[in-house]
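In this document, chain identifiers A, B, C, D, E and F correspond to the written order of the chains, with residue numbering beginning at 1 in each.
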Amino acid sequence: MPYVNIRVAGTLSKDQKSNICKGVTEVIAREAGKPPEAILIFIDEVPHENIAKAGNLLTPPK
Amino acid sequence: MPYVNIRVAGTLSKDQKSNICKGVTEVIAREAGKPPEAILIFIDEVPHENIAKAGNLLTPPK
Amino acid sequence: MPYVNIRVAGTLSKDQKSNICKGVTEVIAREAGKPPEAILIFIDEVPHENIAKAGNLLTPPK
Amino acid sequence: MPYVNIRVAGTLSKDQKSNICKGVTEVIAREAGKPPEAILIFIDEVPHENIAKAGNLLTPPK
Amino acid sequence: MPYVNIRVAGTLSKDQKSNICKGVTEVIAREAGKPPEAILIFIDEVPHENIAKAGNLLTPPK
Amino acid sequence: MPYVNIRVAGTLSKDQKSNICKGVTEVIAREAGKPPEAILIFIDEVPHENIAKAGNLLTPPK
């Protein structure tokens, strides 16, 4: 029952989400020997200003 | 100090959230022997297209 | 596809875990209208000294 | 590679987020002996009605 | 700064962890257009009896 | 009711955990205007080989 949480800065298109979920599911199923049906993925799209690295908030790309 | 995070696809009404939090708090307080006041619950309402099972994004119910 | 994460201080017996998971699944299935089979719960048993309230680490019960 | 997730009820101003991230990064870098550049912080601003204490949903301040 | 958390039932070998992290990083870098160096992955190996599906604790494979 | 989760590679001494929790609580209480008693922190000490950056597992310091 693998659970995967992917948190990214900004937004993704539906195609990007779909491709990421397909690819990540395939990798985990193959490498961990888990059935794909058991793999649950949640993607969180987080505003840049809610993420910090080295103490500085990220800024969105222009 | 139990912390509970509940992540669901789509949205819940305020009544649903209230009933879930009451019920889950009661179960954990009773079974784990923790005071209800110490139980903190966060509910995340996640868009269907941000969740995947078996590599496929969920689709909202029609 | 609800995902639930329950984090408690200290350890639980297998019976406590089982009862918590049965009860929490029942509450969420009933109140959120989700099929029980779709509900995935992860319990984290966290050492008291890794949890703080008001800035003070918890101490295990004697 | 410390990862920090801060979940608060309601919203924060950009200045509050910035000050929190600076301060938390400084504390962890100093006390845990980690380079600030390695510290990644995600802030989640969660609606009051999605958080419960003692089984009761929070209400926003008036 | 993508952050990924992968939670699996039971344990993984170091090779499995390595292959999963390489593969997942590659997928996210390619599909989300993020630099691999920015991708941080945490794997949690969770005992079967701490995970429940449909209200029933998992049992380890024999 | 701020909830904070701090995930670090390797282990921390009890003094380090205590100092981190005191400092982080103080920062969030001051900057977010939350009462310290409401701030709950969980620290996760994660083995180096369960964390990856740029697709490579971390190695513990020698």
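What we mean here is this: a contact is a pair of C-beta atoms (placed from the backbone, for glycine too) under 8 Å apart; a residue touches a chain by one contact, two chains touch by 3 or more.
Because the structure is predicted, anything quoted here is derived from the model rather than measured.
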| item | value |
| --- | --- |
| Self-contact between copies subunit A and subunit D, residue sets same or different by half | different |
| Recurring contact interface, reference C-E, options B-C, A-E or B-D [over half identical by residue number] | B-D |
| Degree value of the rotation bringing subunit B onto subunit D, based on Cα positions, nearest 5 | 120 |
| Subunit D-subunit E separation of Cα centroids, rounded to whole Å | 24 |
| Distance from subunit F to subunit C - Cα centre to Cα centre, in angstrom | 20 |
| Subunit B residues counted as touching two or more neighbouring chains | 1, 3, 7, 24, 40, 42, 51, 53 |
| Touching pairs among all chains present in the structure | A-B, A-C, A-D, A-E, B-C, B-D, B-F, C-E, C-F, D-E, D-F, E-F |
| Interface residues, subunit E side, partner subunit D - complex | 1, 3, 40, 42 |
| Interfacial residue positions of subunit E with respect to subunit A in the complex | 1-9, 12, 16, 19-20, 23-24, 27-28, 30-32, 34, 51, 53, 58 |
| Subunit B-touching residues of subunit A, taken from the complex the two chains share | 14, 17-18, 21-22, 24-26, 36-37, 39-45 |
| Subunit F to subunit E touching residues, read off their complex | 7, 46, 49-57 |
